[in-house]
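Have a look at the structure below, then the notes.
All chains are identified by letter, namely A, B and C, in their written order; residue positions are counted from 1 within each chain.
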Amino acid sequence: MEPSLFSSALLIARKDLAIEFRTRTAFFSAVVFAVLAMVIFFFAWDPTSVAAIDLAPGVLWVIFTFAGLLGLQRSFNMEQADRAIDGLLASPAPREAIYLGKALANLVFVGAVEAVTILGVALFYNMPFGGRALALAGLAFLAAVGLVAVGTLFSAMAVNTRLAELLLPVLSLPFFLPIVMPAAQATAKLLAGRPIAEAAGWWKVLIAFDIVFVVACTLAFPFTLEE
Amino acid sequence: MSDAPVIEVRGLTRAFGARRAVDGIDFALETGDCLALFGPNGAGKTTLLRMLAGLLKPTSGTARIGGVTLPGGAAVRAAVGIISHEHMLYDALTARENVEFTARLYGVRDPRDAALRALERMRMLDRADTLVRALSRGLKQRVSIARAMVHGPQVVLLDEPFTGLDAAGAAALTAMLCELKRDGAALILVTHNLSEGLELATHAAIMRDGRFVRYEPCAMLDAVEYAVSYRELVIRGA
Amino acid sequence: MSESVVREHSPAPAAVQSTHVGADWLLVVAILAVLGTAVRAIYFTPVDALQGAAQKIFYVHAPSAFVALYMAFALVALMSALFLWLKDLRFDRVAESSAEVGVIFTTVVLTTGPIWGKAAWGTWWTWDARLTATLFLWFIYVGYLVLRGAIDDRMMRARYSAVLGLLGALLIPFIHLSVYLFRTLHPMPIVFKPSAPSLSPEMLHTFLLALGSFALLFIALLRIRYRLAVARDELAAQEER
């Protein structure tokens, strides 16, 4: 009768996505931000000295980081209003399920924003990724997992502090470097048509980061709850 | 199993830094009991309820629900329902979606039906598909109550549940509480309404500065004397 | 109203009073040690053939880096873990103190590094793994202190800081690895080799003395800062009553 870790997490994820789908404001804000940023980045560089395609990987992953942050803010905001989080904490659902469920919902959110960003960059920067789509999707997934693992935990913490909106980026961004760097470098190799094996080091860093921080953040999450 | 008290509290204490919000509380409730908990604001009533709901860990002392020492894990939390000051609802979802989500969270069979039945008992069936955001405060309170009861808890903790309810809502809640008592649940009811509280209760306590300054079964108290005492301890003395 | 509460509840505890009665003896010793080492470094240690006098910044830069990471941050991480395990606020106070002192040492590393780089090789900043990792260490320290400043609840502040402290400790190796990988795959002019230069025996002696005196300075500052943390918590507890 008591729900398991995964079924509770899925339930919470579905609830989060239902709420996001109903309002959609966060998603649209993130998408609009991404598109604007792409445009601004393009005009911030001298097109004769830097080819758009050289710019593309950097732009893609920088935007991914900041757009992702926009989505992470709302994750625990919805639980703070009217103390809905108490409803979750008083239930038999395991504490870790709250973290995993929200992280899962954030993953879907970030993934969707990422997809739009990749399409946007492909369009604006003439970035051909036809044959490499699968590899790029793999990178996108791995990067999103890392971002969401750390970001979900910090948003759980930030929501309980003053300066919540400022604190989330200040805490999270240092942790995003080992995600953005490998992702951007590996993407550059992909676009240059190099075999994936050449970027093996970067892929490994990304995978290692994901494993370490998903575990660490899941274990750390219960400490962010009031007891 | 039926001999053990449903709720048993011994020397329960909760400190926040140097301040003791709950300071050595003792009581025990059997199935079908209802404790009316009175006291001024800041007495520690909410903190006491939050500990019993598993939201706070005691600093010292023990609290047992169904024989299991708190914080006892999922099984204990599944048997407890709490109504607190905040309504714990998601604004962007409908009344039915909120209650159904809670039903699923507690592993209730047929969560959809259970949610509708809970809403019906609080006379919210016709507004079941309204977004919580669009409901008035009193109606939100009704949904909050439905949410707290949907899993058929054996221990129900109510923190000023009548707040914001109109006559119809209050009647629905009272009916539900009587039914729960009959079915063997143990209730703790925090209220500022003396007569309402005593009407439903089997036990009464007055809490001040984290302690019970009065605690007795309702059968043994005299209504007039209690009212005087209540005025002294709760209204004037606060 | 808080003033009357403080007066009422006895004079300040002895721990606070001792920092008022003259200077702390350990701090004096440490400062003398640092000054002594500085004198030795400037006047009694050979000048590096390649880099000239600028190399002497090494005797400030490298010990500070050691203290910042292997003493201050390691202590923050250790205290964070102990706090989460045992829930004793004393661990949190040590972590807090270590972080504040650590950020100072880290700032010293980040300022002496560019000065050294510019003086010796003509570039202000190089993205080598060590310096970049130190920069991120600085970010984590700052984040840690900002987080603490944003939480009023004492226990929550301790718990959240501890979580950040531990996660930060996990991050540093990843930063180091990422930047190292970046540099090996993108060869950049190698201008910075802070640890590799071969040191003559006198240079090594001076370096070790510098290391020792900086470590002493760290401990002295940590002690003073810890007493401040104890006093602040006691004051806060009294105000609550």
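Going forward, a residue touches a chain if its C-beta (ideal position, glycine included) is under 8 Å from a C-beta of that chain, and two chains touch if they have at least 3 such contacts.
Worth saying up front: this structure is predicted, and the values here are computed from it rather than measured.
Trainee: Tell me which of B-C and A-B has more C-beta pairs in contact.
Mentor: Most C-beta pairs in contact, of the two: A-B.
Trainee: Would you mind checking which chain's mean C-alpha position lies nearest the centre of all protein C-alpha atoms?
Mentor: Answer for the innermost chain: A.
Trainee: What whole-number Å value describes the gap between the mean CA coordinates of chain A and chain C?
Mentor: 32
Trainee: Taking the mean of the C-alpha atoms as each chain's centre, how many Å separate chain B from chain C?
Mentor: 50
Trainee: Taking the mean of the C-alpha atoms as each chain's centre, how many Å separate chain A from chain B?
Mentor: Result: the chain centres lie 39 Å from each other.
Trainee: Two-or-more-chain contact residues of chain A, please, as numbers and ranges.
Mentor: 226
Trainee: Tell me, which parts of chain C touch chain B in their complex?
Mentor: Residues of chain C touching chain B: 154-155, 236-238, 240-241.
Trainee: Can you list the residues on chain C that touch chain A in the complex?
Mentor: These residues of chain C touch chain A: 84, 136, 139-140, 142-143, 146-147, 150-152, 156, 159-160, 162-164, 166-168, 170-171, 174-175, 177-179, 181-182, 185.
Trainee: Touching residues of chain B toward chain C in the complex: what are they?
Mentor: Touching chain C from chain B are residues 17-19.
Trainee: Where on chain A does chain C make contact in their complex?
Mentor: 150, 153, 157, 160-163, 167, 170-171, 173-175, 177-178, 181-182, 185, 201-202, 205, 208-209, 212-213, 216-217, 220, 223-224, 226
Trainee: Quick check: in the complex, which residue numbers of chain A touch chain B?
Mentor: It comes out as residues 1-3, 8, 11-12, 15, 18-19, 22-23, 78, 81-84, 86-94, 226-227.
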